[in-house]
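Letters A, B, C, D and E mark the chains in the order given here, with residues in each chain numbered from 1 onward.
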Amino acid sequence: MPSTPKPTESPVIEIRDLHKRYGDLEVIKGVDVTAHRGDVVSLIGSSGSGKSTLLRCANLLEDSQKGDILFNGEPVRWSGHPRRPADPSQILRIRTNLSMVFQQFNLWAHMTILQNVMEAPVTVLGRDRDEVEAAARSYLDKVGIGDKCDVYPAQLSGGQQQRAAIARALCMEPQALLFDEPTSALDPELEQEVVKVIRELANEGRTMLIVTHDMKMAADVSDHVIFLHQGKIEEEGAPDTLFGAPKSERLQGFLASTMAV
Amino acid sequence: MCTDPSQLDQFSWLACYLTTPKHMALYWSVGTVLSLLAITAPAALLFGFGGATSARSRITPLRWFGKGYIAIVRGVPDIAFFLFFVIALDQGFEWIRHQVKCPDWPDPIRQGNDFIVCAAAKMPLGTAPQWVHETYGFFLAVLTFAIVFGAFAANVLYGAMRSVPHAQLETAAAYGMTPRQTFWRILVPQMWVYALPGLGNLWMVLIKATPLLFLLGVEDIVYWARELGGAKTARFTDYPHADWRMWYFFGLLVFYLLFTRVSEVVLDRLMKRLTHGQATVGGEAQRKAA
Amino acid sequence: MSCWETLADYGLRSLGYGERLLPRDELTICQQVVLIGSGMLWNIYFGVLSVIVGFMLATAVALGKASQSALWRKLSEWFIFLFRGSPLFIQFFFAYFLFLSLKSSFPAASVFTSAWSGALVVLILNTAAYSGEIFYGALMSVPKGDIEAADAYGFKGWSKFRKITWPTMLRLAWPAYTNEAIFLFHATTLVFFSGFPARQQQGDALYYASYFADKTFNPFIPYPILAGYFILLTLIIITLFGIVNRRLNRHLPQNDRPRLKLKPRLLR
Amino acid sequence: GSHSVVRMGTEGAYPPYNFINDAGQVDGFERELGDELCKRAELTCEWVTNEWDSIIPNLVSGNYDTIIAGMSITAERDEVIDFTQNYTQPDPSAYLVMAGNEGVALEGAVIAAQTNTIQASFVAEMGATLLEFASPDETIAAVRNGEADAVLADKSFLTPIADEGGDLVMLEREELIGGGVGMGLRESDGELKEKFNAAIQSMKDDGSLNTLIAKWEIGAAF
Amino acid sequence: MPSTPKPTESPVIEIRDLHKRYGDLEVIKGVDVTAHRGDVVSLIGSSGSGKSTLLRCANLLEDSQKGDILFNGEPVRWSGHPRRPADPSQILRIRTNLSMVFQQFNLWAHMTILQNVMEAPVTVLGRDRDEVEAAARSYLDKVGIGDKCDVYPAQLSGGQQQRAAIARALCMEPQALLFDEPTSALDPELEQEVVKVIRELANEGRTMLIVTHDMKMAADVSDHVIFLHQGKIEEEGAPDTLFGAPKSERLQGFLASTMAV
């Protein structure tokens, strides 16, 4: 599945020269990412290289110091200092079209799993409660925790929580999805399920940014892979070329360990 | 010269008026109130800590004692408590001293309505100078306040201890910490974040309870403000005036507001230090503001 | 006179029904229990109404203090500062004074010179300020992950608050709020003690307790009776609030395993 | 028991009987009287103020030895504590109203009184609408701001206020509710009671008590 | 590295016929695990199969309904109903010889990273503060977050938190370690580092139970692999045989997905 830019449409997600710092620590140092409709873009890189931060910026959860973020060609309007998104209705429009699976899951502790999944579609999108419930149950079944509908997050195993978080994102049926290490707590079998789901989503035309440590998965699902190193893009390209013939030394070293065993 | 009629209506009249020995007593009582708070707060915290720890103790009688203390003292309005507890406390002390010092005393302690202990058991001794009596009264007031507010503090701390995420304690156990170590190293340091808002509130309530001090026999600022502010006829004072309680109470209001403001600033600082780097909305706001 | 008759005569005396005059001599314990209990009706009236109204106002105040708008923030901050920063009896003093002067310009305001409405207003504002601060503190302690997830899913404004923030805020605030509710009920004893005049000897529990203490010169009977009533009332409040608390915490795994019991060795 | 120092408990808020003067000291009729009595009984005395509501409980619990606080001798009180002979004649209670409102029908009026006083019970019994305030100042204020039509209190307390010549006037009508005022003592303290009784008697006998009563405008002489 | 039982010594960790339920849900249904000195035992199995629960039982964090747990041949004494460990001094002895890395890391939120690592050795083992600090810093360096000593857990990325948790466990220098998915948030490079660390530890004679979803890692470091399925041991053996020639159908299916890509 080679990356096929569709020049007639503007990209769903476009990040231009983004800079972000926490206090004195510069975490993102000028990063560009473009993802068109149906694109799956993977972000790889070592721990602490800024992958989660980049996703959080894309979702407007973090302020950033410099650079642009565009959705469907529409640039985010900023204001203030430190700058932050200026237009609440724009933020809302963007976020309802964009679902995120957090690295720490962030399930709402006071709601059952089913409520967690149903909450946003019902409250934010105003969809019909019964319809949403049916959809939520089917998504929970899809990720294999249909029997855990009525328990609270604290009673789930790590992998079950992660799957609930994925179901929650899917149930929004958004234009684009942001996955932060969506299979970190999953066994290979379930990982395959998730890979299947991601492929289906891409076929439906949804755009995805995926942070992952799993090179096989990155190679498997992506149209485009970005290797982040200390807040900068060290190398990027189609998975075949990137994994097959890495150019930069850093990436070669990084990939060497994957093959080591 | 202060009562010189020619000086009435002048600034110097006010200067004289505000420096009468009676006003000095008012200013002195500000010190009394402040020192009472300064001693009561740590004492109440200590009572609270003791109450909270015994309420979660494994030893059943101790747990009952802790829970009973919290439930009963917390259940009684402070006014009602003050109206009879100090006298009871005082009698209690004298009764104990009487048992120790005058074991051979022939007469009963209760004679009709009277409560009579031997002279050596009196608290303070009948011969003691007035300031000893006042200090003793002050001490009783502190103790009463500490017992009352200790119960509320115990409840806040008890709740805060339960708010610390269980995983944090479990981890400590997994690393071999004894319950005691877990308590002191993990639970106690973490509970403050959860306890501070409640304790801060309690401190505010405590400040606001000082007007009840006069029920305990301590002449506090409100007592003096009432006394000074009430209408005065020329027969009993060199400074007759109408009902000026409005102004005195306004002064009190300013005093309490200022005091609250200072407390808030200090509590805010504390809270900032406690939430620093924590994964909460407060910690996040602090980070984003930086 | 049997105790039942006393109950019939004085049970509703605090509201003005029953005997016109209070008992004067040969005061029985029964009379004390009944009349002080009758006075509790006022404490309950003040407490319940101001908890309910104060809760809603407090939520608004907490939101105001956390709001982006400088106007709302300042307004809430000053409100909290003023009412939390001054003793209740000073508030009563100034409120009574204010209502009196209002009365001279607006005769309609004369209702507020009576305790049942004037003191209620003061109590509501007072508890709203204290609880508002508690709620605000809890708002700041909500785990940021919860809010981020809500943000990320496009929650905003009221629905974000109602669905995500509020339940967690309440859960975190509840122990302190329970304390505040108890304080409030206790504070109702100040209404007649140093606030508003009692009319026709219709007062709250403390009013009657101090009436008896004055008549019998023995504080050790009426005040403990009053204390008993309040302990009972407090236990009821704690129970009701405890039910809510359990509901608010129902998602947490139960760790209330039976504890190791130290077997008493007294009987050996 | 024997008293090396006799602690005299008073309220300090009831002129002319007792009040705190500008110097912050207990002053008034009872201060002068008490000092003189102590001198005659050859006792060392010390003045203590205590809040009115708990003035009797604190006496019986031994926190001071006498009450000398304008306390009328009543049967109820006599059951709990002992009184010396009275050192004032019974003081009538009087009504204070706004100038121009002298014609008010008291039985149907709103009458203010201080909480827990004999006047409060009296108003309740006479059928007028009783309005109780925590302090005497507030009862006066209530008349001024129209909350009450009249205030009922000890005449000697109201006289100086009416004498100010302001907006308040005293009614002719008086009520004889209080007894004479005496010193309160613990029932077990008979010896001290005798000493003070003797001292009061000696002041009555030589007329010095009447001089004091006249000086402080307390009421009728003996 | 084939599993070599040392019959002269009793096993460091031995679990016999363990049963555990949460309410009505039976999670562990009779499991036996034996690990001798220097043994690395991996637990694999799908999400929700009870792996974390088993580790938590081994650490005496959970009550269990039936079965025995032995450390160095010494059985845990139980009492009460539901039964729990009876002897506090025994619990303490066991736990100080046993360090755990939690699936959710559970770093102490009010301590900096360095304090997190130093806390238990200093307070529990009573070791010298300066020595422990030196050791702690070297362990933090070893896992690559030596520069994050003075920040709080909330300021770390997921992988950094996980590494801090590993350093914390290592700094106890215990006889045995329990790792619950210790590399779930780590990139392949760091994972290799962790694998290296595990090997070193094994060479030092430390015993390890490792829950992992990474079959390569399991194959690479273990002496013995246990495949858990729905609370029961479905199959176990040396990694070569288990991964090379799985007997049970469930395991075959499970492993199929690993090879799928």
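By our rule, a contact is a pair of C-beta atoms (placed from the backbone, for glycine too) under 8 Å apart; a residue touches a chain by one contact, two chains touch by 3 or more.
In UniProt terms the chains read A, E = Octopine permease ATP-binding protein P; B = Histidine transport system permease protein HisQ; C = Histidine transport system permease protein HisM.
Remember, it's a predicted structure, so these values are computed and weren't measured experimentally.
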Applying the touch definition from the top, give me the chains sitting in contact with each of chain A and chain B. C, E
Pair of chains whose C-beta contact count is the highest in the structure: B-C
Per the centroid of Cα atoms for each chain, what is the distance between chain A and chain C, given in Å? 49
Please tell me the distance, in whole Å, between the geometric centres of chain B and chain E computed from their C-alpha atoms. 51
Whole-angstrom distance, CA centroid of chain A to CA centroid of chain E, is 30
Whole-Å distance, chain A centre to chain D centre, using C-alpha means? 84
Among chain E residues, those touching two or more other chains are 104, 155
Multi-chain contacts in chain C, i.e. residues touching at least two other chains, fall at 143, 145, 193, 210, 213, 217-219, 252-253, 260
Could you tell me which residues belong to chain B and also touch two or more other chains? 83, 87, 113, 193, 245, 279, 283
Name, in rising order, each residue of chain C that touches chain A in their complex. 143, 145-146, 148-156, 159, 163-164, 167-168, 171, 248, 250-253
Can you name the residues of chain D that touch chain C in the complex? 53-54, 56-57, 60, 76-77, 80-81, 112, 115-116, 120-121, 124-125, 129-134, 138, 142, 145, 147
Under the touch definition given earlier, write down the residues of chain A that touch chain C in their complex. 56, 59-61, 88, 91-92, 95-96, 98-100, 102, 104, 106-112, 119-120, 123-125, 152-155, 168, 172
Within the complex, chain A is touched by chain E residues 22, 44-48, 52-53, 103-104, 144-145, 155-160, 162-163, 181, 184-192, 213, 215-217, 219-220, 253-255, 257-258, 260-261
Note: in the complex, chain B contacts chain C through residues 58-61, 71-72, 74-81, 83-84, 87-88, 113, 152, 155-156, 158-160, 163, 166, 193-194, 196-198, 200-202, 204-205, 208-211, 222, 245-246, 249, 252-253, 256-257, 259-261, 264, 275, 279-285
